[in-house]
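Shared between the two complexes below is chain A, which pairs with chain B and chain C, respectively.
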Partner chain A sequence: MNAPYALDTEQATTAKKHRQPIKLSSLRAALPRQLTAYLFLLPALLLFALFAWLPILSSIQMSFQNVQLGGTPTWAGLDNFELMLRDPVFGTAWKNSLEFASWSLLLGYFVPVVIAILVREMRHGKAFFRIVYFLPTVVPAAVSVIIWRFIYDPDGGVLNELLAQFGIARQLWLQDVALAKPALVVVMTWAGFGTTALIYLASLQDVSQELFEAAELDGATPFQRIIHISLPHLYPVMSLMFVLQVIAVVQVFTEPFLLTNGGPGRETLTPAMNIYNRAFIRMDMGYASAWSVSMILVLLVFSLIYRYVNSKLMANTD
Partner chain B sequence: MFRRWALLLLAVTALLSVQFIPAFAQDAAPVPEILTLPDEIAGGRPVTITVSEMPSADQPEARATWEATAQRFMDRYPNVTISGSELQYDPAAFTALIAGNQLPTLFRAYFTEPSKFIAQGAAADLTPYFEAAGVADVFNPAILSVMSQDGHVYAIPKDAYALGLAYNIPMLQAAGYDAPPATWDELVEMAVALTDRDNNIAGFAFINDGSGATGWHFTNIAYGFGATPQDIIRDNGDGTYTAAFGEGAAVEALEFIQALRWEHDVLPGATLDWGSISEALVSGRVAMVIYAGDQFNWDYTQFPDADLTQFGYAAAPAGPNGRITLSGGNLWMVSGFATPDEQEAAAYFQLWRQFDPVEMQTAIEVTTEAVGMPTLPMYVGEYQEQFAAFRAPYNKLPVENYAPFNDAVTGGEVTIQTEPSPNVQDYYTEMGVIISEILSVDGVDVPTRLAEAAQEFQAFVLDR
Partner chain C sequence: MDRGFFSNVELRTPGGRLYYTIAVIALLVVAALSLFPFFFAFTSGLKDSTEIFAGGLNLFPALPRWENYGRAWTLFEMPRLFGNSFVIVGVGVVLRLLVSSAAAFSLSKLKPFGGRVISLGFMLTLLIPSIAYFVPLYTTIAKLPIVNISLLNSYWGLWLPYCVDAFSIFVLKTFFDRIPSDLIDSARVDGANALHMLMYIVIPLSRSILVVLAVLAFVGLWKDFLLPYLVLTDPYTQPITVRLFYIADDYSVNLQMAASFMALLPPLVIAILLQRYMKIGLTLGGVKG
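After this line comes the complex of A and B, so read on.
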């Protein structure tokens, strides 16, 4: 897992020295100097407080209440949570989330890695391909969904017409229980791999060109260069992206909402979609908030993993 | 004496002529006149109202017409200021607007919504304005009852529809049929003959995207199979309700849908929502669809190159109890959170633009929307007759193609049923999920699955 650039033990020791606990007195002494910086931070902090932290706290409060819009909320204790655990949709939605995460790792995780390595290995047209691979990212989700609807259309859609050329029967891509999830993961991967590939590519730019040249002089084939230089260098970032991808997939909403509406049946219904349905279709805000809290807990676990991986990565970088 | 009478007659004739010049100029029946407006609104105090559904800026003509209408009202009542909002009705978005006390003063909603808004105090009581304006008796009482509670009216009906069957006339003729199906069994037989998989043509379709709209179309089929609103959600009479759709006609209707998909294979493969089902019909990808009559307006405005004379419209096919169909519609509500002055201004603005003869005349002459849709009569008695006669010369749709529907409705051949209540949107959403499952998984045990769904609906919606 160690990246070649993290072997400087002296630097690592210095970094550890920097992480000594900060004393309160030194913080107080530094405050007047840093006041301007804190003032610059203030607008962002206020906006975060108003649009992120406050709703999260309200949602936790509402999860213990019966909330009637326009009325006064009443205390419900753990009723919402008890109901949530009895709800057959609870298991279905989280199972779907898990399956989405598995499919996204299977179908989408390595795509940006491969793209980044290929672009890095290119002698010509690097900038062109960087843009080409990034283009889907700038397409708004609603527009990409329309494009994919045409592609997946079972009656004369692009994909089925293409398969028909090879004598393959028409598939109900979004209506078939077995195909709906991977079909959606392909859409998500298409929309998201550009950004991830850029992150990997940026990481690869850190590798000294001399290392590649030395390998070439020693007779390493492109494949050997990838295996022995590029990939080991990418491992730390890959582990970070792994956690980030799981966090993103757990929250998936747009694609199933716009392409399948959670169907067929509840096959692509995700916790985020169910929260939306309960809150804004059924207007059961308290119950939807209980779901939100369950989602916060799951995301918290993954965020802790993310922080752990990130700190490992930073330690290596130092 | 004779001269005085003659002069009087002349004066009356002249007055009437001035009143009806635009109407006669169009060779139309006179514009019906019934509205009584106050001399002053809100006691002359300055009042500002927001009105939803203003056409967006990408429709410059419609937008200009809307603004000109608002300006005429503001000229008439200088203390009133109308601020337009492009907001369209959406149950989810309006939930947030109610919570944030951000409702427009005057807004459009569906027939299914009044009870929800009334319960939250979000709909103003409009009864006094109905009475003062003299329009309380012209509306179809059945329609008005949808938006009334305890003798008070909370909305102004805009339009009403009954679900029926739209069909592609040349396709039916090519398959040897000169009339739409009269029964659900006949529909199956015709759908089988009309389905052509090689050319991606489905014989029959309904909204099948698994959303609430799917449940809405399903309920029409369930009504056709003999269900009543009480067989869907039963009012126990003591303030409690029972989810009753887990048995009886709803099960039969769902088994019918299951057979259409897995036994007869006449449904489209693609998921169709409200908009795309129109596209599928107009582009010839489906031969027959469950359709609301006002959806022909969507066809007219969204597919200007489509030849709408190719499409007919009939009442829903007959089931064991005859032709029974689901009705619905749109209405205007005034925010219950607005001040009394704002409520008064908003109510009179809507009544004025709906009933003022000059406004009616102007609106029908400049409208970019369809006229002649096969919808339900909104009014009763003489006013309805005058209203229909006034609009007839402006028809833009092939109304003769809608005779099977219009004749069946006016001939009393169709039983119109309202949507189930309460929590109808929740019920529709629940059914949307079940139908999506039935359509994608072969061999689902329908009675068991529907009974489970009813229990779930009882626990998570009706008992909440």
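After this line comes the complex of A and C, so read on.
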């Protein structure tokens, strides 16, 4: 160990323990520096206050108020929340959210893991696969839905034409109650799987090659090496990606808004879309805010459960 | 020697070769699916308006109509839409990086009182879904408190909210923390003020991370839909993502496809040319959590 550095840290910790009370004279000396420090922070503080902190607070406040656009807000107590819980749309929207999350995990959760493991093994063309899988990620949803709308088109759409080659009947992909959700999830998965696969791939590059060599010498088959080396290495990232994917799907707005507008019926109506409808079409900001607060609470509870389960799992493996 | 779970020797055995071939085919199939919508938009844009609805899998048009792209370019008024998008996104990226660098520099090197509380405040915005406070955000833009100015139908109504990005601040702060304080202190002894330090020491040393964040911000802001959709109601000022969706239905499908394909090109070109930076940016995003 390096002696002088060790001494330094020791001094630093003792200095911290016996911290002097702030003297007025030292405060005066620090004042100009503090002024500059805050001058540099000022734009960010102002903008965060205006466009993030105040809106967050006012969202909570408005959920207890009766706010129509243009009118003066009046206190409404828990009326908005009562109304929300009695609203049949509440159950429908959250049920849709849950189904979206399940579909997206089913169709999209393991695909990036498999892709990352396969690409890691490529001896040539890694860069090609990386860029190709990543390209859909940069496409604006507002543009890709125009293309997907035509892929799913009941007459002349390429998906039905392809299925017709195999003698499968035409489907109304976006209008059919049973198909609309998976059809939307396919679009979201297409737009998102590349990013996740690249994150797994980056993580896999850190696995030491000696580990695989040692396993090979011990007679582990290639498949066993994946199960016992590659996958365990990915578990922490996979658990994080699980949470991020669920959180992203719960907030989903643009794809159902532009592709199905919540239809057929209310099959693809999500809580985020209902917030939009209530606030900007029916102009009932108070009621929309009650939904916003419910969304914050749901995601908060989900994160807390995740952290609890994760810490339990961590404790078990140690 | 580079190896994965297969060693290079194993890959030359029949089993290894079989595995490798299957893996390559699987990856190519996924690559084809991934690229299909781009390809489909491109070739559909080359068809004429009856051919596009002809049955069967006619992916390639018999007679490519390149003039569709020219017509879509003028009918959709693409130059103006691209121009609007570039102004909105370009200025947005620059302002976001300026505001974030200044804040990160202050938190990292100037040690303001209450810096930890401020950092927590920034962090909060990463934890709360933005759609949950979208409604009051809109009312704020429609009528700024105290000054009572409306930013609706003004690019400032997008640029200012776009500056709010805690992720950039935290990435930059982590990066600035690694710049030795000795460097800053010696500059201070030489009489440099804080602005000089930021401009001549900190920013030049952080060029690579700034490019990464700029690319991420460019792609992210180019994709934004809901905020410009609500803030800009004047068709002359709308970015391409919003306007294209509004007017797509007014034209035949082949022109829609041609226009969509052209609209995809700028983010695609940026992603391909700057993929090295995007890759770094993605891993930053993964670590963020």
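The rule we apply is simple: the second predicted complex is superposed on the first by the 245 of 318 C-alpha atoms of A that agree within 3 Å, B and C clash if a C-alpha of one lies under 4 Å from a C-alpha of the other, contacts with A are read in each partner's own complex, and residues count from 1 in each chain.
Operating definition for what follows: a contact is a pair of C-beta atoms (placed from the backbone, for glycine too) under 8 Å apart; a residue touches a chain by one contact, two chains touch by 3 or more.
What you see is a predicted model; the values in this text were computed from it and never measured.
Undergrad: Could you say whether A:Thr74 touches chain B, chain C, both of them, or neither, answering first, second, both or neither?
TA: Neither chain B nor chain C is touched by A:Thr74.
Undergrad: Touch check for A:Met283: first (chain B), second (chain C), both, or neither?
TA: A:Met283: touches chain B, not chain C.
Undergrad: Touching A:Ala272 in the superposition: chain B (first), chain C (second), both, neither?
TA: A:Ala272 contacts chain C only, not chain B.
Undergrad: Looking at the overlay, what does A:Leu47 touch: chain B (first), chain C (second), both, or neither?
TA: Second partner only, chain C.
Undergrad: Under the stated touch criterion, which partner chain does A:Ser208 make contact with: chain B (first), chain C (second), both, or neither?
TA: So A:Ser208 meets neither chain B nor chain C here.
Undergrad: Is A:Ser311 in contact with chain B, with chain C, with both, or with neither (first, second, both, neither)?
TA: Neither partner.
Undergrad: In the three-chain superposition, say which chain, chain B or chain C, touches more residues of chain A.
TA: It is C that touches the greater number of chain A residues.
Undergrad: Output check: A:Gln175 vs chain B and chain C. Expected answer is one of first, second, both, neither. What do you get?
TA: Only chain B; A:Gln175 stays clear of chain C.
Undergrad: By the touch definition at the top of the document, which applies to A:Asn261: first (chain B), second (chain C), both, or neither?
TA: first
Undergrad: Considering only the touch criterion stated at the top, classify A:Asp155 as touching first (chain B), second (chain C), both, or neither.
TA: Both partners, chain B and chain C.
Undergrad: Would you mind listing the overlap between the chain B footprint and the chain C footprint on chain A?
TA: 155-156, 276, 279-280
Undergrad: Looking at the complex, which residues from chain B come into contact with chain A?
TA: Where chain B meets chain A, its residues are 91-93, 95-96, 98-99, 116, 120-122, 200, 202, 209-212, 268-271, 285, 423, 425-426, 429, 432-434, 436-437, 439-441, 456, 459-461, 464.
Undergrad: Give every residue of chain A touching chain B within the complex, in rising order.
TA: On the chain A side, the touching residues are 68-71, 83, 86-88, 153-157, 170, 172, 174-177, 260-267, 276-277, 279-284, 287.
Undergrad: Any idea which chain A residues touch chain C in the complex?
TA: Contacts found on chain A: 33-34, 36-38, 40-41, 43-45, 47-48, 50-56, 58-59, 62, 111, 115, 118-123, 128-148, 150-151, 155-156, 158, 161-162, 164-165, 190, 194-195, 198-199, 202-203, 209, 212-213, 215-216, 222, 225-226, 229-230, 237, 240-241, 244, 247, 250-251, 253-254, 258, 272, 275-276, 279-280, 285, 288-289, 292-293, 295-296, 299, 303.
Undergrad: Which residues, counting only chain C, touch chain A once they are in their complex?
TA: 1-8, 10-11, 19-20, 23-24, 26-27, 30-31, 33-35, 37-38, 40-41, 44, 52-57, 59, 98-100, 102-103, 105-107, 110-113, 118, 121-122, 124-125, 127-129, 131-141, 144-145, 160-161, 163-164, 166, 169, 193-194, 198, 219, 222-226, 230, 240-242, 244-245, 248, 253, 256-257, 260, 263-264, 267-268, 270-272, 275, 278-279, 282-283, 285-286, 289
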